[in-house]
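Multiple structures follow.
One chain, chain A, links the two complexes that follow: it is found with chain B in the first and with chain C in the second.
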Partner chain A sequence: MRVPPGVSQSDFASAIAEFQKAVGPPWVFTSDEDLDLYRDAYSPFLNEPEERIASAAVAPSATEEVQQIVRIANRYRIPLYAISTGKNLGYGGSAPAYSGCVVVDLKRMNRIIEVNENNAFALVEPGVSYFDLYHYIREHKLKVWIDCPDPGWGSVVGNAIDRGGGYTTANYRNHFDSHCGMEIVLPSGELLRTGMGAIPQAQTWQQYKSGCGPWIDGIFSQSNFGIVTKMGFWLMPQPEAYLRGTVSLPRYRDLGPLVETLNYLENGRITSGFPDIASPLIGYPPIGQVQLWNESGPPSMTDEHRKLLAGVTLGYSADLEAYGLKSGIPYWELWLSYHGPAEVIDAQWRATQRHFAKIEGAKFHIVDRVSVPIDPAKVEEYHEPEFGIPSLRVFSIGARTPWNPTPSKGHMWFSPIIPRTGEAIIEANRVFSAAARDLGMPLFRSFTLPACFWERSFIFILATPVTEDPATNKRYREGFRKLIEVGGEHGWGEYRTAPVFQQAVMDVYSFNNHALQRFHETLKDAIDPNGVLSPGRYAIWPKHLREKHS
Partner chain B sequence: MDRRKFCILSAAVAAGLAAETALPSAAIPLYKVIFDSRFAASRAFAMAAVSAGRATAGIRGDVTALWVDDLRLRWARDGGAIAGMTTLRSLFCLEQLAKDHWMRVIVRAEHWRTGAAASAGRVRSIVGGIQPGLPVPADPRLVSWVLA
Partner chain C sequence: MSRLPSLSRAAAAVVLGLGIGAAFAQDGPGTQAAGRAVYAQWCAPCHDPGVTHPGTHALTVKYQGIKSGVLLEWKDLTPVTVKYLVRHGISVMPQFRKTEISDRELDALAEFLSRNTPRS
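Coming up: the complex of A and B.
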């Protein structure tokens, strides 16, 4: 039996026996075969000594059992690591941040407690996946949409707690921002409810976010200050109609005005669907079309076009631009979407065109104009998450195909936040492509465009492959750490990262002698003096492990 | 049979397979055989499974519909081992989803690797109905597997 570091065999055996009493013996896992299920499928340390491995796993079915587990952990000083459905692939998966933790697997806590159509909210437990919530809504014929990531197999709570995002409208895409109210088991085993939930018999727990006094919800995201056992979310009322259009711009220099105009329209809520920036001339698809490209192959390109692409710098050459102007291939293509009554979205699209028409050569095209719900037979023509429909089709990306004959074994997401300007896109390309070249990291083609999951900023998101070769994985891990530093030197920080990189990322947030990290540690010492909850998560170590690991 | 007991049984079967014990196909209560209709070898595998009395389900790479309309409901209720010949990506998706029910891949034959024949043979013995000695399809896109 594996034993957590610093815990005696006999104490661990006693703790396991007490866990079994709390949740039932079938739901405590100690065999190697069972614990293999909790390894990170995309681990960049797969089969290496540094791979993070659990010592046991416990699967409670109710909040009261979670409380018992936490109290037992405190008695025996057992480090725990809570997961919801464990699908955080690319950001650490189901493996603990600290090897030897007992994983608290919350997937049996899968109750959908309420979905309220009138006020458009849901209250769910952490084991509820996006698929579960979507099908509950459909089965009960409720006219609300979820917002889900891609793939949609993850936990609604887990994704929000790690501050993930989706693809519908701006006010629902940021999953943590769209939450309302939480229930948390604290490291002492005590139960806490936030916001209006702190009032017994609360009537507005999922309707008013901040309650009164300090609004503490944020400290339970990307942290180890508690185990979330319930979470409320605001849902989007099902729109009447959907319109998707493109704005095409012919010149490289149009990128700045494209972003400025998009910012105005998005911040003014003239458009609120997922903005998707592509470059047909560089051969860079919109995110929403990537899986379609991968299923049927990218659009064909002439030999002349391919040759011109080889000569660009930061995505530009005068010859390439001239070729695009001659051939009618735009440099930039912005995909925009609109949700709502038909008369409203038609007006929003007209306003969008009026603003972009100020850029010389702008062209417009309506890709789709449909009533909602869309015909189920036609769902596959779309990128389903943009309709709040969870899917697994994204896994065609990276599949072995004639145009991708050697797919990777997984990836680690490198995801710095950069400013919402055209200049920042070009600067990020300059800085990171040079660094990646020096480090031998296969991150870039000729130019990378950022993703617009969040309002007001861009994510410059790139996948670093995980391979079958440990030496290559080691080089990529070291390169990844170096890229984090390079980003920090330019004022760009990651928004989320896997446990193996969490210390490196948090080291970048160093203002005033790492005041933020010191504050986190102050909270940790107060809230979790025995250091039992998820040690090391986002570089927050309990006192007894701090010196060794910080 | 409840899910946890099913999983414990499957683990025992997996141990038997690892020990190269000959197991009759009835040793695993196989729910369905999954095939990818885009590949001739996978279609042939499914036809042989049907001859052996197995229920089959076809996909075209994407497992979403199989998961949503079938396995999600079945595994939440009773569990159910499945076997298949698909791409590695499809198996990867099913493997990750199966973990939610404490199920795992107990046999895997990646057809592009040398030495896949023995594992492929074990998959066939579980599915049944497939001629012994039939060569492993040398399609670098396919993997045959049992998940239980």
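Coming up: the complex of A and C.
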């Protein structure tokens, strides 16, 4: 039997016996074979001694069982690590941040407690996946949309507390921001409800976020201060219609005005669908078309065009621009979408065109103007998450296709937040392409465009492959750490990262001698004095492990 | 809903929220119907027919016409192979835990996916 570091064999055996009593023997896993199922399938330390592995796993079916598990862990000082559906691939999967933890697998807690159609909210447990919630809503014929990330098997709760994002409208794409009310098992085993849920006879737990006094929900995201056992979410009323249009701009210098105009329109809610920036001239797809490109191949390109692309610097050459102008291929293409009554979205699209028309040479095209729900026979023509429909099509990234004959073993996402300006896009390309070249990391073709999940900032996402070759993985890991550092030097930090990089990322958030991280540690010591809960998650270590790890 | 497999009564049961448990209760463990329900919930999004299913696309490219990329059409899958791949993963497909697919459900899935394979 594996044993957590610093725990005696006999204490661990006693704890396992008590876990079995709490959840039932079939739901406590201790054999190597069963524990291998908790390995991070995309670990950048795959098959190396540093790979983070579990010493046991315990799968409760109810909040009371989670409380018992936490109390047992305190008694024997057993480190726990909570996962929800464990499908956080690229960000750690179902493996602990600290080797030797007992994984608390919440997948069996999969109850959808309420979906309210009239005021558009839901209350769910952490084992509920986006597929589960979507099917429930369809089965009950409720006219509400979920907002989901690309992989539909992820946990609604887990993705939100990892601060993930989706693709519908600005109010819902930030999954943590769109939550309302939490239930949390604290490291002591005590149960806490936040917001209006703190009133025993609460009537509005999912309808008013902050309750009274400090709003503490944020400290339970990307942290290890409690195990979230219920969480509320605001849902989007099913819109009547959907319009998707493109704005095409001919010149490299138009990137700055494109972003400025987008910011005005989005911050003023004249457009609120997922904005998606592409470059037909550079051959860079909008995110919403990536899966279609992987499935059917990228658009064809002339030999002349391809040759010109080989000679660009930061996505630019005068010859490429001239070629684009001559051939009618836009430098930039912004995909915008609108949800609502037809007369409203038509007016929003008209206003959008009026604002972008100030940029010389701007052209407009309506890609879709459809009533909702869209025809089920046509749904595969779309990037489903933009309609709140979960899917697994995103796994075409990395999988074998005619255009990718050598599939990877997985990937890790390098994803710093950068400012919402055209200059920042070019600067991030300059800085990271130079760094990636020096580090021998295959991250860039000629130019990378950022993603617009959140309002007011960009995420500059670069996928780093995980391979089966430890030497290559080592080079990529070291490169990844260096990129984090380089980003930090420019004032850019990751929005989220896998456990193996969490310390490196937190090191970047170092204002005033790491005041933020020290505050996290102060909280940790107060809330979890025995340091049992998810040690090391987001670089928050309990006192007894702090010196060793920071 | 075209994204969902239109395979059978059992698959429809999953879509309608009756779940794998219902299929087991109705048909008993180890039956193909129960296995089909497991397939519908866990495998179909990547392995149903068509390039919009990345598992199918990957296998189609891998086998280059030697055999179909659609798992449901394979005639050489053995229960041992199915169980190994589900518990170990392959390429970008991760392994599945017992809280996701229990041993009993995996037996049924293996039975279902190997239904076309001649028994020696």
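Here, the second predicted complex is superposed on the first by the 550 of 550 C-alpha atoms of A that agree within 3 Å, B and C clash if a C-alpha of one lies under 4 Å from a C-alpha of the other, contacts with A are read in each partner's own complex, and residues count from 1 in each chain.
Please note the rule applied: contacts are C-beta pairs under 8 Å (C-beta built on N, C-alpha and C of every residue); 3 or more make two chains touch, one makes a residue touch a chain.
Quantities reported herein were computed from a predicted structural model and do not represent experimental measurements.
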Checklist entry - Following superposition onto chain A, is the placement of chain B relative to chain C best described as a clash or a fit? => result clash
Checklist entry - For A:37, is the partner it touches chain B (first), chain C (second), both, or none of the two (neither)? => result both
Checklist entry - Which partner does A:295 reach: the first (chain B), the second (chain C), both, or neither? => result both
Checklist entry - A:136 contacts which: chain B (first), chain C (second), both, neither? => result second
Checklist entry - Which partner reaches more residues of chain A, chain B or chain C? => result C
Checklist entry - Touching A:391, do we find chain B (first), chain C (second), both, or neither? => result both
Next on the checklist: Under the stated touch criterion, which partner chain does A:183 make contact with: chain B (first), chain C (second), both, or neither?
Outcome noted: neither
Item to check | Contacts of A:65 with chain B and chain C, given as first, second, both or neither | outcome: neither
Checklist entry - Do chain B and chain C land on any of the same chain A residues, and which? => result 27, 29, 33-34, 36-37, 41, 85-87, 89, 94, 107, 131, 135, 153, 295, 391-393, 395-396, 398-400, 407
Checklist outcome for this item: Per the touch rule, the chain A residues reaching chain B in their complex are 26-27, 29, 31, 33-34, 36-37, 41, 85-87, 89, 94, 107, 131, 135, 151, 153, 295, 391-393, 395-396, 398-400, 407
Next on the checklist: Give the list of chain B residues in touch with chain A in this complex.
Outcome noted: 4, 11, 14, 61-64, 67-68, 72, 87-90, 92-93, 95-97, 99-100, 102, 104, 140-141
Item to check | Parts of chain C lying in touch with chain A, wherever the complex brings them together | outcome: 1-3, 15-17, 45-46, 50-55, 57-58, 61-62, 87-89, 91-100
Checklist outcome for this item: As the complex stands, chain A meets chain C at residues 27, 29, 33-34, 36-39, 41-42, 57, 59, 85-87, 89, 93-94, 105, 107-108, 131, 135-136, 138-139, 152-153, 291, 294-296, 376-377, 379-380, 384, 389, 391-396, 398-402, 405, 407-410
